[in-house]
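Chain IDs A, B, C and D follow the sequence of writing; residue 1 opens each chain.
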């Protein structure tokens, strides 16, 4: 249905300057643009203009941007969103730096998602001609790209239906209170061949649990953990492996308290992959497969 | 345009019984069906009925099967293939064990590709309810799934056009004799978010260079190499890393001389990923990034 | 001074049969001998008769065995231990199954250590002629060998002096309450080129904090974590990396509550390696480098 | 018998300036001293003054330095070497930059080995107080330390006897022409708990096959390979795994043609480890376990 990927995550931070070291030196993202109250970043393996926007003032998610394959996808999505009963508005070119026109939708969960087809092309740091597989001089973790976001919502079933019917995502892994007639309390959904491009779990509307960067592998996860220790980053959980998605992970916080994740691995999914079901009694194993414990911090802190 | 993935590789082997140990004990695939002159296998993380078919008599590729998302994709592909000038035929349910009806196309390169929408569902070895991330008792390498095939053809440009126009694949990495007006001598194309679901390089029509299995990571590649040594498998090249796709690899031969690959890693690609260009003078680096040497065996043996 | 390595760990378990699955199927050790109330195990890469002895009745450490290089080392150690003021006794051949005569010493910390020179040779599972680097059919984690033990004691300084003066160990990393005149509250000591063959931290005399198995690498640590999840093993902390030793780790409990560790990595140490100092305020970082938090369980539970 | 480790490798290079990039930028060693025709380097995890000395003029090995534990070891070694029939001489403090007095021995193989007890202390790049497990800003491969050397000799049996009787090394893995009465054609010997601190194979006296750097793990080996590709380093073989030592490896050449190795892994050895025997017919598997092929270059080029 046209959505290609999570393109940008726009979050609030309490202090822009305090965030600069975290996103620039610890994570190793590159500043591509600045305004008095915003910094725009990209990872080394992303070719679009930016993937993370920090905006001073508060914490939490301003909006998520998903890029669509064709400009006509925008009309179709707008239509379906309106039919679903969502508030939508057209956004014009330039309402986001470097981004073309598009559709802004308020989700059933009150989060804002923007769909767009055009964004300035910058290119990756290895280029398009006889490229090396990685740039030689990475800073800190050296994150290649963003991967997904996990948000909370009061009605996961409605949210899942929205992402399925309006945006064409597929549920890949689902958590229910119990088998058969249980309620949906979490869903990991994909618009690609990865296990998730968005996920939501039952909670307060409009909140961000975390957004994630994709790393190469389990050894890169450990290296990231070392950088976090050197830079005194507050680590929430990990390194560990997820049961859900099979991915490897560390959760950590930016200086404002927004939770980030470094994520690697995960299996291939397809349009015909039958969804996996987790029952709530196994949720701790689904989230943290190795330790099978959910800490209070992980389940309660959202921004 | 509807093609979801490489679903099966059907190859000839000189001696079915001699192949049984290689595919079953060394690679650790599971036999799902047998006929007097065929064995059907699947990997532990594949849910469809089979992904590799061995047929006794000779060597080389009988056909590749690609699964489409919707049954209506079959008509559209048939149409486009005929317009492209290819010979097509409808195949009926049962003409392949466990596979529904579909379209059989003779490629510009004389290889046979089958498109199908239905195949019996068997399920992975970890299941769909609170699954473990891997099955405990894997045999040998324990391959999760097939990944891609590389075939040779006299006219890579025509082949690339076919995969693009008829099947909706995107060129991800392309090798040209020189920049600007150079000829295309190889193309790695994708219908997913991986770097390749098919690849072809200039050579004799109708031949198979290799087909590949996807492994978890670089450490799994080393483990596979250890199993190959224990089982006296003929290794062609590797372990090493590709420049093209960034994947990690070992190439090896089945007892009949068909080349296999174990492959891991690779980056994410999207519908809007600009193609990467390799020039022929850097091809050795593109294929084997670390050693930058192509051996005679690798460039000359096809089946 | 003759001590070559930690040879065996002899622990009490509340229920021998309940322990069998943990040590045999989860960790994958091989039973080499049994008596009505004991099971003797070895890892696949150990050539001596056994390395772990379970004895029914209670929990905690019965004794540690360290193997010496020459039979004359036994006399010298006995002498030095008596001069140090320790209670020693000669143990005769057969007082430990498969072990020759030796010296039994009660440490300043009240733990019992046995020194011996002879133990039946069984051989590793890959043998001595053209060996493969690993056995093909490992069970569960498939631990190659034991690595070290960490015990608690009221007087770490006396304990360190004992291991240094009597057994010839070197302090590799030391934790002090503060720089300059601080008290020693932990010491990691080595008789090999690894970072530790014994460690002790301030606490109750006679107690075991954990004993450890050596795994190949960080990926093997993750695999072990997966097996622990499948077998419902109680995980204490990890996977993570230590600051002290730089090793990678998961701490977990056997069914009786004795803490085990899987450990990999660590740097090379030598007789002339200057000791590393950790100050107590950085201890959490020293123990768990990535997360920099000590949980209550880890610091309070000993057996 | 007192030898602690390989302390330095002193080699000739045809062009000092041409070597600077290789050892400094590609391998990431630090220059600690220079003279008009020499450069002294150390790795980040080495605390002694230097571990590699380049000297302009020709190629090949000038000498190997092994550090002993006690100054009295020098007399004992000198004695034993003379009894063995070797030419020895005392070297005075300063005859090697930063190195104390010692003993210089001409081996049966005509190589020169220097034994010394004192060398200026510089310290590692992570220090001795609450150290991080790795320095943040490594250059290129970022080699932590040297590991071993492999040299060729006409009479491996005499060489092995020398290293055993005079220097106290133990044979860990041995290659013989055939079982029982076969001739020794290679030996991997250790004075530590690693599988080799020196190795020799039958060949021309006085020649260097390679000297090696120790890396963390198999992933670090791949990363090194990437740096070699970026810097156009001539790679001989690898990445692969050895059967002998179980280590992981890439062999490559410095600009003068001296073969280097990056090496990781390997198992623990002890004074009582029974030697492993390889028969010549399995040598290819012993050297390159995965591919089981020795290339002409690897077997014929020495410097």
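To be clear about the criterion, contacts are C-beta pairs under 8 Å (C-beta built on N, C-alpha and C of every residue); 3 or more make two chains touch, one makes a residue touch a chain.
Just so you know, these numbers come straight off a predicted model, no measurement behind them.
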item	value
Interface numbering overlap (same over half, different under half) for subunit C and subunit D	same
Pair in C-D, A-D or A-C that repeats B-C, with over half of contact pairs matching by residue number	A-D
Reference subunit D; chain at largest CA-centroid distance	A
Separation of mean Cα positions, subunit D and subunit B [Å, integer]	43
Subunit A and subunit B, separation of their C-alpha mean positions in angstrom	31
Set of subunit D residues in contact with two or more other chains	132-134, 217-219, 226, 229, 241, 243, 285, 289
Graph class of chain-chain contacts, one of line, ring, star, complete, other	complete
Footprint of subunit C on subunit B - complex, ascending	132-134, 136, 217, 219, 226-227, 229-230
Contacting residues of subunit B [partner subunit D, same complex]	218-219, 222, 225-226, 228-229, 235, 238-241, 243, 248, 250, 285, 289-293
Residues on subunit C engaged by subunit D in the complex (per definition of touch)	4-5, 45, 47, 67, 69, 121, 128-134, 144-145, 179, 192-194, 214, 216-218, 241-243, 246, 265, 267-268, 270-279, 282, 285-286, 289
